[in-house]
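You will see chain A twice below: alongside chain B first, and alongside chain C after that.
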Partner chain A sequence: LFEKKSDTFRRFDRAARVIIHRAPHRNTSPLPSPNIPKFWRASNRNPAPRKMTTEKGKKQMIKPKAWNPLDSVAAQNLWKKLSTAIDEIHNKNASELSYEELYRTAYNLVLHKHGELLYSNVRDSLKKHMVKLAAMVSACPDDRLLEAISQEWKDHQIALVMIRDVLMYMDRNYVWQHGQMRVYDLGLQIFKDTVVYHEKVRGRLRGLLLRGVAEEREGRLLDQDLMRSILSMLDMVGVDASNVYEEEFETPFLAETKTFYQNESQQFISENTCPDYMKKVEARLYEESLRGAHYLHPSTVPKLNFILETELIENHSKTLIEMENSGCEHMFKEDKHNDLLRMYKLFSKVPKALEELRDAMGEFIKKSGKDLVAQQEASGNKEPNTFVQGLLNLREKFAVICKKAFLGDSKAQKKVVGAFEEFVNVDGRSARYLAHFADDLLRSGLRGMGEEEADSQLEKIILIFRYLQDKDVFENYYKIQLSKRLLSGRSASDECERSMIAKLKGECGYQFTSKLEGMFTDIKMSRDAMDQYRKAGRSKIHGIEMEVNVLTAGYWPTQTVLPCVLPDPLGSCCSAFEGHYLDKHTGRKIAWQTHMGTADLKADFEGRKHELNVTTYQMCILMLYNGADVLSLGQIRDAVTIPEQELRRHLISLCTPKHKILKKASKGKGISEDDTFSFNAEYTSKLKRVKIPMVSAKEGTAAELNDGENKFALPSNVEEDRRHLIEASIVRIMKTRKLLGHNALVAEVSRQLSSRFFPQPQLIKKRIESLIEREYLERDEADRRSYRYLA
Partner chain B sequence: PDSMNFHDFKAFYKFVFQFSREGSMKTIEKEIVAALLPMVIGPRSQHTELFVEFLLQSSGNDRVTFDQWNSFLEFSTSVHDLDEYSDEGAWPILLDEYVEWYKSNGKC
Partner chain C sequence: MSASELRAITGCSIEKAKILLDIYNGDANSAAEAYFSGEAIPSARSKGRRSSKNQPKISKIDEWFNKYSDEDEEMSDKGILSFCEDIGINPQDPTILALAYEMSAKEMGLFTKDEFRKGMVSLGVSSCKELREKVAYIKGKMSDTNSKFFKEVYAFTFDFAREGTLKSLSMHDSIELWNILLPVSRFPLLKPFEEFLKKEGSVSIVARGCSEGRIARDLWMQLPLFFDHVGPDFEKYDSADAWPVILDDFAAFFESNMKREISG
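Up next is the complex of A and B:
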C-alpha cells in the first residue's frame, strides 16, 4: 500500500500541518511574522511588538526585520521547487518532501504578491498531469476502463489533498480575495474536463455504466463497489455547478429503466397470472432497492421508485384487478388472502391503484349481494334463513378480508359498508326477507335455545337491519308477523320477543318500538280481562266457550274489516262480551275482527267424531251444514256475506284432497258459479283433533310485485304512513321556523326522518303542495322559493 | 290585459282564477284552465300554447290548484332558459312534468 508511506510528509511536518489547520479561517494570518524562525511555538501567535526589559533596565524594542521584496526570477525559482514537489506527489513519491518547507515556499510567494503566478502555474501543472492521465485512461479497453478510472480517481483525490495542504495559505488568502476556485475544487474540475470528458472516455463511460446496470437486471453479477466508486466520482466532480452525475448517469439511467420495465411488465403480464406478476414485481422492487442502497446516489432513489411504481404498478393496476381467473374476482371468491395482501401492499404505493382495488371490492360485494336477493326471490322466499345467512356470510367474509388482506384499512371498511347498503336498499325485498327470517326465528327457531345462543341469533338480524335505509318497510312486516304470532300464541319465547324489541329500540329509538310494545300490553291485558270474565262465569254461553283478545287499534296493523254474518249462538256470545266490556270502559268502541279468529268445532262424521280447528270464516261456512247437506255457492254466499275472494279461498281450503270436509261438485281446481258443496260424511283422519289449514293467497307477493316488471312496490300502508309522517314533519318544522326556503325544508325533513326511511325529494315536494292547498303553508310573496307557516 | 303593467296584471291574473272557481271548490278543471290561459295571459308567456297542449294530454292532473296557476305566471316571467331549470327547485310538480314533457318531445 503506497498510501501509508508517501501520502504523508515527514512526521514533524505533519504535526506542523495540524497546527496550521486549527488556525481560524480567512482573516487572520496563521503565522506570526514574515520571517519565520526555523522553529516556532504554537503559543506564539501575537505578532504585536512587545516591550522587553533587559538586566540593565533599558527598554528594548523588537522590531520586525526589513521587508525584502521578491523579484520575479526569485519567484520562478520558488515555483520550480513547488512544481517538482507536485510532480513527486503525483508520482506517489512524497515521502522525502518537507511539508513545512513547501508550505513556506507557497506562503512566501503569496505574501510577496506572486499569488497569481502561483495559482496559474498550479493550474497548468494540474492540467498537464491530467492530460497525461487521460491519455493513459482513454487507451484502456472497455473491460478495463472503469477500473482504470476508479483507480486514477482514488489516486488523484489523495494527491489533491496533499497539494491543497501545501497551498493552503494561497487558498485562504489569494484565492478568496480574488474570487478564484479553491485548489481542491480546481483539481476536481480539471479532472472532469480532462479525463471524464475526454472524447474517448466520456461516451464509453456512460455506455459501460448503463450496460452494467442492464446486465445486472438480467441476472449477471456486477462489481457494485466499482460502480459506487465511479458514481460517487461523477457526483463529486460536479463542482462548478454542473451536475455531472445527473447528466452522465442519472438521466440516461432513468430513461433506460423506464423503457426496460415498460417492456418487461408488458410482456410478463400478458403471459402470467396476476399473483405471479405481483411476485415478480415484488422481486424487482426489492432488487432495485438494493441497487439504490449499494451504489446509486441517494437522490436517485425517489426518482427511481417513481418510475418503478408507475411502470410496474400504476400502468397495469386495472389489468391486474380485472384479470380473468386470477384477478380480484377470483381472489375474493376463493379467499386468497395472501395474494390480496400482496396486492394491497403493492397498490399502497400508488393511491390511485389502491382506490381501484377498493372499488373492485365494492363492486364484487354489490354483485354478490344482488345475486343473493335474486336467488331468494327465485326460490319464492321459502327459506328466509338462506338469504340472511348468505348476507351474514358475505359480511363475515369481507370482514376477514379487510383485516387480513387489507390490514384493517379504514377506507376499505367504509367501502364494504357502503356496498352492502347499496344493494340492500335497491328495493324493499331485503327488508321483507329479513323480516321473514325474524319471524321464523321468533316462531320456532329459537325454541329450546340457551340465552346466549338465542341472543346471538337475534344479533344477526340487527347486523343486517343496520344496513337498511327504509326501516319502516321492515317494521311493517315485523308488525304484521308479530300480531299473528301473538294472536295465535305461536311465539317460541316471550323473553326472546321482548329481547328483539329491546334491540330494535336500541337501534332506532323509542318511537320505533312503542307500538310494538303496546301490542304486548294488549295481549296481557286481554288475558287478565278474560280471567275476570271467566271467573264471573260469563264466558260460557250456549255451551260455547269464548276467548277474546281486545286490541288497541292504533298499535296493531290496520286492516279493513270485512263483513261477515256470525251464526246465531255466536252472535249472542259476542254481544254479551261487548256489553260487559263497554260497561267497564265507557266511551270506547269495539269492532269484531272476524277475519282473524279461530274456532274449534266438534264434528260428527260417519267414522268417528273429530275436533276441527278452523278459522272464523270456515266455521261460518261449516255451521251452515247443520241445516243442510248440500249447498250451492250462491246460497253460501248469501248466508255468510264474506267477500268473494275470501269466500272462494275458504271454500277451497275445505275441500282439498287432504282435508275434504266438503265435496265440491265440479271437477278441477276452480269454483264455478253454479258449483255445489256437499258435506263429506266419509271424511277420516288419523288425528282426533285436526287443524284445517288455509290455502295461501300468496300472501304479500301478489300485492307487491308488478307483473312483468318484477319490481318491488311499497306496501300500501307503508306509503300511507310515509305521507303522514312527511306532512307531520313539514308542519312541525314550519311551525318553529315560520319562514323557510325550499331546499332547507327538504333537507330538514330528510334529516328528521332519516332514522326511519329516506324520503324522496319529489315526495316531499308533493306533500308541500298538498299542504299549500289545504292552507297550512303559503309561498312567500317576496321569494317564491320559500314557504311561510299559516297559523 | 295586454296594456296593464306587470303589477296590475298579476293581480288581475290571480283574480281570474278565483273568479273562475265553482262555488267552494278550490281547484279548476284543467279544460277550463286550458281555455282561460290563452285569454288571460296569452302572448305574455311564450309557454302558453305548449302548456295548454301539455295540460290537455297529461293523464294525471285533472284539476289545477291556485298555487299551480300562480306558479305558471311566475315561471313564464322568470325562467328563460329551460336548461337551467331544476326539478329539485321549489316549482310545483306540475311544472316539473311540463318541462320534462317539453324536453322529451323535442320542443327545444
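Up next is the complex of A and C:
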C-alpha cells in the first residue's frame, strides 16, 4: 500500500519510513528490532535442540515448570502490566518503561497461547484511548480542530510505533497465524474509525479542508504544513483498503475545483481579452502546481491537471481563438508573438485545442490570401509585384510566427504550407505574377545589390515557387520573359540569371531547366557566331550592320510567324548570313523571326537628323516611306505582309503624340480600314537617338491581363506541353509494365509529373483514350479496367 | 483425289486440305470452291452442322443471289431491301447485321457474291425459304445481348460501318446502329445518351481533341458495358473508373438533367 507512494512522497515524514522498514517483518523469521539486547535475541532465536540433553539442557528443563502455571489468571496479571505500560506510552511516559521486560511479557503471553487475549485487550485498550482522544478533539472549535487532529495524529503515531515494538512477537506469531491485522495497522484503523470518522469530526474535517483550499484560491494564506499533515493522515489511515483520502478529500476537492474553475473561467472570459485570460490561466496553473507540490497527494495531481486543462483551456479554446479584437486573428495580424507563444504553450496541454489553433492559423492565411487576390483585382490587376510582395510578406510573417510563437512546431509549419498551397493554386495568377516578379528583379531589381542580398531575393521567389502546383505555368512565363531579357540584353546580371536557374534546377530537376539553359547557350553561341561573321568581314553589306541571334527551335517561346517582307538591302544581308551559317552547320535550317527583332534607322526630318530605334516590323513600314509620302493601310499591308493585328499595333505606336513619326489621317486611337498614313517631316525630339516605345505593346499586355474570364487560364502552349508530357509518361510506364490497371496507371503518371504540375485524372484519361485510338494501347480483353501496351 | 492434290490447287496447308476434303466427302471441286469462296476455315460448329444436314449447294446459293444482284454481281441497296422483304425482316432489324456478320461483309449496303456465299454456307441455308426459317433463330440469338454471338456482331458492326480508312464512326451512323443493336428495354440509358450526344456531344468530343463529333472504337466497345455496369440510374457509376471521358461527361450531364427535372 505504501511502497507505491515511495520517493515522491518523501514529505510524508518519519512515520511513513518506519512503516516501510516494517514491511520485511511480515514474512521473515522473527528478527528483533535493533534495540533489543543481544542475549535475548540469541537464546530465543537458536534454541539449539541438540544441546537439550547437555548440562545447559537441565536449566532449560526448569523454565517450562516455572511457566507452566501461566493460566488465565496469571495471564490477566501479565496483561495488566502491559496495559499499564500502554497507558503510559499514550501518556508520553514511555522513557520510564523497560522495553525488554515488556517485550518478554508479551512474548510469554503469546507463547502460552494467550495471544487472543492479548490482541483483543490491546484492541480494547487502543479503542478506549481513542474514544477519549476523540472526545477531546471533537470538542475543539473549528479553528482549532485541524491543529488538534494533526497533533494527536503525530502523538498517536509515535505511541503506535512503541506499542508495535513491544508487541512485535505477537505481530509475528499470533497475528500472522490468525490472519489478524497487525497492531500498527489496527491502531491506524481505530484512529480512523474513532477520531476521523467521529460524528462531530468527520463532516467538519472535510469542510475545513475544502474551505482551506478555497480560501487559498481566494488569496488567503493557508498553513500548508498542517494541510500536508492532515492529508497524509487521511492517506495513511486508509490501511484497511478504505479510500479515506479519496472519499474524505480528493473527490469533493476535485468536484469543487471543477465548479470553481467552471465559474471562474466563465467570468474571466467574459471580462477579459484573450491575452489577459491566458495570463490569468497561466497564473492559476502555476498556483495549482504549487498546491500539488506542497500538500496534495501525488496521485491527485494528474487528476487536478486534467480538470484544469479541461475547464480553463479546452472548454474555451474556440472562444479564445475567435475572440474579437484580441483572439487569434488579432494576434496574427498584429504579430503578437508573446501572446501567441503563451497560447501555444497553454494549448499544447490539450491536443484538440492545439489543433484548433493551427487550424485558425491556416484559415487566417487563406483569408489573407483571398484578401490579397481581392486587392489585386480591385487594383485592376495592374500591380503583380505588389501581389507577390504581399505573398512574400505573408509567408515571412508566418515563418516568424511558426518559429517564435509555435517553437518550430512541425505540424504548424505543414499547416502554413497547406494554406498557402490552397490559395496560391486557385488559378494561374500566382505563377504568372511570380514570373513577372522574377523578371523585374532580374531586369533591374537586383542592380547594385551584393551577391548575398541578391541571392536572398531570388531565394524568396523559390519559396513561393515551392507552393505552386503548376510549375510548368511558371516556367512558361519565366521563359517568355527570359527570352525578352536575353534578346534585348536587359538582364541585370548574368550571374543572377544563372543562379536563378540553378535554384529552379535544384527544386525541379534537370529536365525542368534544360530548355532555359539551352537559351543561355544559344545566346553565347550566337555571340561567337557573330564574332566569326564579323571577322569574316561580311557583317556589313550595303552599309547595314546586322546582328543575328541564332535560337534553337524548341528552347525558345517562339511562335511560328511567317517572316515579313524585308526591304531590299536587308534581304540580301539575311541570305548572306544564311549562306555563311549553313556553310558551317550543314543540315540546319534557318527560319527568320522577323517579329522579334529591332532596328536602328537614320531618318532625315526637316529640322534635324534622328536615329530611330524601332522594331523590325516598324523598320519595314518606315522603309516604305523612302518611296512614297502617303500610304494607305491596304498598301502597307500588301507591301510588308505583317499579320494584321501586329501591323496595327506597330503602326499605332508610330503615331503616338509623343513620337509622331507618321501622321494618321483619322482621329482617335483606332485605325480604320481606309486610313492613310503620311510621313511627319516636322517630327523633332530633344534626343538625337530616339527609342520608339511600343505603346500598344504595353496596352496589349494589359489587355491580355484583363482578358475576360480566362485571364489566368492555362496558356495553350502549356496545355499542349502537358498533353505531350502525359502521353510520354503513359507510354514510358506502359512500355515497362506491359499490362497495368487504370488506377495504378493514373496514380503513377500523377506521381511522375507531380514535380512539374498536377495532372487532373480526367486529363490523363483523355490521353489514355487518345493512345488507345492511335493503337499504342488497348484495353485488356478480360478486364476493361486494364490497359495493355501494343509494341 | 488426295489432300495433297487439293493442296496443290489451293495452296492451303495439308491439314486444312484434309479437313476440307473430309467436309465435302472427298469432292475436291466443292472443297476448292469452298476454299476460294472464303469458307476455308470451317469451324467445329459448322462442321457438325454439315455432317448432320445436307450441304447447301453453292450453285443454288448463287442462283438465289442473282435474284438480287445487279450487273456488277453485287447486291446493293435495292437488292438488299427486297432480300430483307423476302426473308421477312425489317431492314432496321439487328438480324441484317447478324447476317452481314456471318457473311463477313466489308461494306455497308453492299454484299458481294463471295460474301453472300460464305454467309449462307456458314448458316447452312441455300434458299430463301430455308433462311426464313432460320431468321427466328438468329433473332433469338441477337436478343440475348450477353451472348458471345451478340458481342461479336456488335464488335463487327463498328468495322462494318466504318468508312474507308477512317478509324471512327460518325455520330449520326453510330446513333442509328445503336438503335438497331441495343434494345431500349435493356439499355434505358441509350435515349438519354443520344440526347446528350446531340446536345453536347459534338461540343464535348471536339473539346476532347477528337475528330469532330465522331465515335471512336473504344467508346463504341465500352458503351454497352458501361450501360450494363452503372445500371439504369447510374447507381454504380464511379468517376474514377476507367470509362472513356465522354461517358463521364454523360454521367455529369445526366445528373444535372435529373436534378433539373426534380427541381423543375
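Descriptive notes on the structure:
Convention: the second predicted complex is superposed on the first by the 642 of 791 C-alpha atoms of A that agree within 3 Å, B and C clash if a C-alpha of one lies under 4 Å from a C-alpha of the other, contacts with A are read in each partner's own complex, and residues count from 1 in each chain.
Everything that follows uses one rule, which is that a residue touches a chain if its C-beta (ideal position, glycine included) is under 8 Å from a C-beta of that chain, and two chains touch if they have at least 3 such contacts.
These numbers were taken from a predicted model, which means no experiment stands behind them.
In the three-chain model built by superposing on chain A, chain B clashes with chain C. After overlaying the two complexes on the shared chain, residue contacts for A:K535 are found with neither chain B nor chain C.
Look at A:K584: by the touch rule set out above, it reaches neither chain B nor chain C.
Shared contact residues of chain A with chain B and chain C: 742-743, 761-762, 765-766, 769, 772-773, 779, 784-785. Considering their complex, residues 741-743, 746, 761-762, 765-766, 769, 772-773, 779, 784-787 of chain A touch chain B.
Chain contact summary for the complex, chain C toward chain A: residues 167-168, 208-210, 216-218, 221-222, 225, 240-242, 244-245, 248.
Those residues of chain B that touch chain A in the complex are listed here as 26-27, 65-67, 70-71, 74, 87-90, 92-93, 96. The part of chain A that touches chain C in the complex is made up of residues 723, 742-743, 761-762, 765-766, 769-770, 772-773, 779, 784-785.
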